[in-house]
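Heads up, the next two complexes both have chain A, just with different partners, chain B and then chain C.
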Partner chain A sequence: MRKAVPYILLLPVMLLTLIFIGGIVNVIIQSLGIIPSLGLYKPTLSYYQEVLSRPDFLSSIAFSLYISFVSSLLAAILGVLVCALLVGNGLAKGKIMQITKIPIVIPHTVVALLIINIFSQSGLLPRLLYALGLISAQESFPSLLFAPNGIGIILAYLWKEIPFVVFFVISIMANISTTLGEAAQNLGASPGQSFRYVILPLCMPAVKNAFLIIFAFSLGAYDLPFLLGATAPKALPVQAFIEYTHPDLLHRPYAMALNSIMFFISLIIVVFYYRLLQGNLKKIER
Partner chain B sequence: MKRTMHIDRLGIISKILLIGFIFSILSPLVVIVVWSLAGRWAWPHLLPENFSLRGMQELFGGYSGAMETLFFSIGLSLVVALLAVIIGTMTARALVFYDFYGKRVIDLSTFLPIIIPGTVFAMGINVIFIEMGLSDSVAGVIVAHLICSLPYAIKIMTDITQAFGRKLEEQAAVLGASFRQTMAFITLPSLLPGLIASGCMAYIVSFSQYFLTLIIGGGTVMTFSVKMVPYLQSGDRTLASAYSLVFVCSTLLVFIIFEKTIKKFYRDESRYYFA
Partner chain C sequence: MELILGNLSVAIDNKLILDSINLKVKKGELLALLGPSGCGKSTLLKTIAGLLPPASGYVMLNGKDATDLPPNQRGVVIVFQDLRLFPNMTVEENIAFPLKVRGIPKGERLEKVHNFIAGVQLQGLEKRKVTELSGGQLQRVALARALAAEPKILLLDEPFSSLDENLRRDMRRLVMDLRRRYGITTVLVTHDRQEAFMMADRIAIMFSGKIVQCDTPKNIYHAPATKAVADFLGGGNYIQGTVKNGQFLSNIINFPVSKPDGQYTALFRVPALKALSPAENPQGEQTKQIFQITDLYYLGDQTEIIAEGSGQQLKLNISSDHSLSIGDKIHIDFDLSQVVLIEE
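Now for the complex of A and B:
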């Protein structure tokens, strides 16, 4: 009887996990061209072949990887910088940290508007530059939003993700700084040396984890590229949804092939994440 | 002497950078407050030319249905939060207090919805929901939101369950308390901060879902998020900012409750709740 207790407690979560996994499996099955309700029975890799050879799909994949990689890398670097500044000034706790957490809970849809209000060609930043005489007309401000360079999307992700990295890394950095960092300085290291050779290397696993989480998230997220992206190239999730809602239902396998590609990339990330986690545990055990 | 001057200059630079960081977080939020009250605000004016209550009337005037949608959305997210708290607590107890076959697999799989893209899951599950009759229904949206918010609830509840252990429960049982009494007087009160915190987190995750709600709800389940996005696309910044302002305020209110609860309980920062 007692043996059954944990399974009873886990019943609801297992049911929901089953639905979740069912959804993923369904994506993979349909990406192989098996959709009985549409009369498609024969498994085939042709949808993947086509997705990986059509220029518009390929540019979608490249565009998504570019946005996610650039925004996540910048967020990780700037996040660590902010962390170092906060810890260095003894501000790892208190009011400033509470303000830092605000962007984490603001939804991406609202963040899109925040970015539009400031960085569009009629936004506040070009107005300010115009008032200062730095640009001569509205059109001389570069178009950052709805542009193929994806800068608007990247800026929006940065606004949300730098605070996330700070939040994720700061307590471990503050901890290391007050213990090992100070020890290093007592032994004659300068603050810079102590940060470079002691604090930063010990924080790296947390930074890498944060990077993997935001990379995976931004790669598969629909809202920001949908609201701030250009008509071409479109991000993977946006392109996938267009295929999904295409009036011709036979487009569905393309949508699912694009989804599967996103899924497999995120699966690789999960493996990395898990190995990092295991590595940390071993270090702690030692 | 030279060295202290060097450090002073570094200190000033780092303070300026930090002020810049805080400014870049807060100023966009101030801008939506101003825009939501703006009447005419054309290029190249730095401040609105006149103010208007158009945005507020749209929200509170009763003709747009904005408030009904808001209350419906709050209700839906409260249901999700309640379910997430109950399931999160059960899962945490199983993971913390028991050893069983497949524990590591369960442990890992509870975390998957954070890393696996929501878009993939949404389109895959929608097809299944159509077959189960859950698509375009409130129940379907609740199940989908629950899957997204559970990882956070489970993480918070696992931490707090671990912190409390079950010594007090065992003591109560030894002293003759019934299962129900132990639950009511020992377990629930001691887990209360975790219950509130995980509820808040699940609420925020649910309330913020746009794409998932759109695809599973099929446009018939109208949450505040789904209602707001067309305004964001319309280019009418006064209305878009007014909707966003309500959204931000209601989310921040819940977030403040979350922070206060966590603070009372954990001395350490709450960095784990997003991992």
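Now for the complex of A and C:
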């Protein structure tokens, strides 16, 4: 009985993993055009071919990659800057760190409403700028939301993801700063040189990991692009959802092909993530 | 460069770590800061280097107040106990770092780096990552990197503590050799008294954030200021007594001294005592008491004896070819030329 205990304790995880893998296998099978209940039996790559050649699908893929890449890159850069400011001023612990964690726990849907309230043409920011006489009318504030350039979505992701990068990187940066950063300054480096040559390069594995996590998340997330995105182009998850809920059930393989594409991109990211992790482990072992 | 610390106090999290430290290190001198773990030695080094702000007092470098000078402008370099080499750089890049941040052109930089690498005998390892080096090699890289910063004052924070005895001896020689060559004022933090005796021009003994005695190794050894200092330097046999009219009086031994009257402790280090068989006449006739052996510890060349008599326990060594055993009775000869009197 004692031997069985670890396996029993693992059961919930194994069950969840089975459901997860089952879901993925089901998606891939359906994306290959095999849905017996709809009378589709013959495996084919035609759905992928169509998805990868139809302009609206292609622009969805490009749009999703664009908003994920830009928002994740900006979040990584700004997150590192915030970390540097907090660590440099000895604020890596304490109340300010608690405040930076708040956006992480706020749901994306709430963030979307917040962004609409601030950045829409009737939002707080245009009203403030108008009241201060900095713009001639509220309507002359650039339309950031629901625009094809996805600025609204990127802003919302930044609001969520910068704190995540800070949370992910700051303890490592604070640790490096108090040991190796201190040594660098002791050897004659200015705080800027110490950051550039020692602290930042040593924090990069953590920054890259944080980037990959938020990139994979934003690529697959549905809520923000749905609430803040333009009519066209649509983000990949939004397009996939539309195809999935299409009244004509024969559209389902398209939805599954789009999902599979997201899955394969995420898989590549996971491989990168593990290679980074392995690299770090090897360094630690040495 | 001369270093002066005046009334220097440091508090961390409202706890006083250094308490009114006054210290002067002359130009080119090697001062060893000797004290038990946690007495504030490393904190003192960090404060001298500007990595910790003092709560009060001042740091003067070459006669100029440097208390508020940022660490990168002090010319004071620490070799940290944990070395703090940059793991993202090779041996060469680590040593070149202080030259790079000073804006020295690449050609000149490389030439200097190779000189330092030769100085610490690390040729052939230039392109290695520091994660691929042994403990002794890492120490050498840290030393070379510190020297490349051309420090006016070099602070060594227990730099050899993680090495085995042979490597430690080599590194001590290397440091003394380099110091002679570059003539850098050096402060060496250690809790190893032999290291301090071997390397230092002067030793400052530190307990609980205070410097209790600062003098040459010989003076400190022969005239420790307190029993705690004597203890830290190896201790020995303490005999409590009184000095009255130029005579030290105790229940074990009496002898003439040139000290004012008062309560004293006489310290006889282990080599100052000699065991004699009851048949032999104790030399000097200072004591004719009989001591009984309570313990014998074989140490190789010598055997340590613990003997008791008149309520006093004494420790002494004899040659290992003895024929004594526990319970045997002996006389003890006290070498009065080696006695250290500590006023209480």
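FYI, the second predicted complex is superposed on the first by the 281 of 286 C-alpha atoms of A that agree within 3 Å, B and C clash if a C-alpha of one lies under 4 Å from a C-alpha of the other, contacts with A are read in each partner's own complex, and residues count from 1 in each chain.
The rule is simple: a residue touches a chain if its C-beta (ideal position, glycine included) is under 8 Å from a C-beta of that chain, and two chains touch if they have at least 3 such contacts.
Because the structure is a prediction, the values reported are computed rather than measured.
A.B. asks: Applying the document's definition of touch, where does A:Gln138 land relative to chain B and chain C: first, second, both, or neither?
C.D. replies: first
A.B. asks: With both complexes overlaid on chain A, does A:Thr100 touch chain B (first), chain C (second), both or neither?
C.D. replies: So A:Thr100 only meets chain B here.
A.B. asks: Return first, second, both or neither, reflecting whether A:Gly23 touches chain B, chain C, both chains, or no partner chain.
C.D. replies: A:Gly23: touches chain B, not chain C.
A.B. asks: If we overlay the two complexes on their shared chain A, which of chain B and chain C does A:Ala183 touch? Say first, second, both or neither.
C.D. replies: In the superposed model, A:Ala183 contacts chain C only, not chain B.
A.B. asks: Determine, under the contact definition given at the top, whether A:Trp159 touches first (chain B), second (chain C), both, or neither.
C.D. replies: After superposing on A, A:Trp159 lies in contact with chain B but is clear of chain C.
A.B. asks: With the two structures laid over each other on chain A, which partner does A:Gly79 touch: chain B (first), chain C (second), both, or neither?
C.D. replies: After superposition on chain A, A:Gly79 lies in contact with neither partner.
A.B. asks: Which partner, once the models are overlaid, touches more of chain A's residues, chain C or chain B?
C.D. replies: So, of the two partners, B touches more residues of chain A.
A.B. asks: Could you tell me which stretches of chain A are touched by chain B in one complex and by chain C in the other?
C.D. replies: Of chain A, no residue contacts chain B in one complex and chain C in the other.
A.B. asks: Quick one: which bits of chain B touch chain A in the complex? Just the residue numbers, please.
C.D. replies: It is residues 7, 11, 14-15, 17-18, 21-22, 24-29, 31-32, 35, 43-46, 86-87, 90-91, 93-94, 97-98, 100, 106, 108-110, 112-125, 127-128, 143, 146-147, 150, 154, 204, 207-208, 210-211, 215, 225, 228-229, 232-233, 237, 240-241, 244, 247-248, 251-252, 255, 259, 268-269, 271, 274-275 of chain B that touch chain A.
A.B. asks: How about chain A: which of its residues touch chain C in the complex?
C.D. replies: Its residues touching chain C are 179-180, 182-190, 193, 197-198, 201-202, 283, 286.
A.B. asks: Mind pulling up the chain C residues that touch chain A in the complex?
C.D. replies: Chain C reaches chain A through residues 49, 51, 70-72, 76-78, 80, 82, 84, 86-88, 97-98, 100-102, 131-132, 145-146, 149.
A.B. asks: Note which residues of chain A are touching chain B in the complex, please.
C.D. replies: Listed in rising order, the residues of chain A that touch chain B are 3, 5-7, 9-10, 12-14, 16-17, 19-27, 30, 81-82, 85-86, 88-89, 91-93, 96-110, 112-118, 122, 124, 126-128, 130-131, 138, 159, 162-164, 167-172, 191, 209, 212-213, 216-217, 219-223, 226-227, 237, 240-241, 244, 255-256, 259-260, 262-263, 266-267, 269-270, 273-274.
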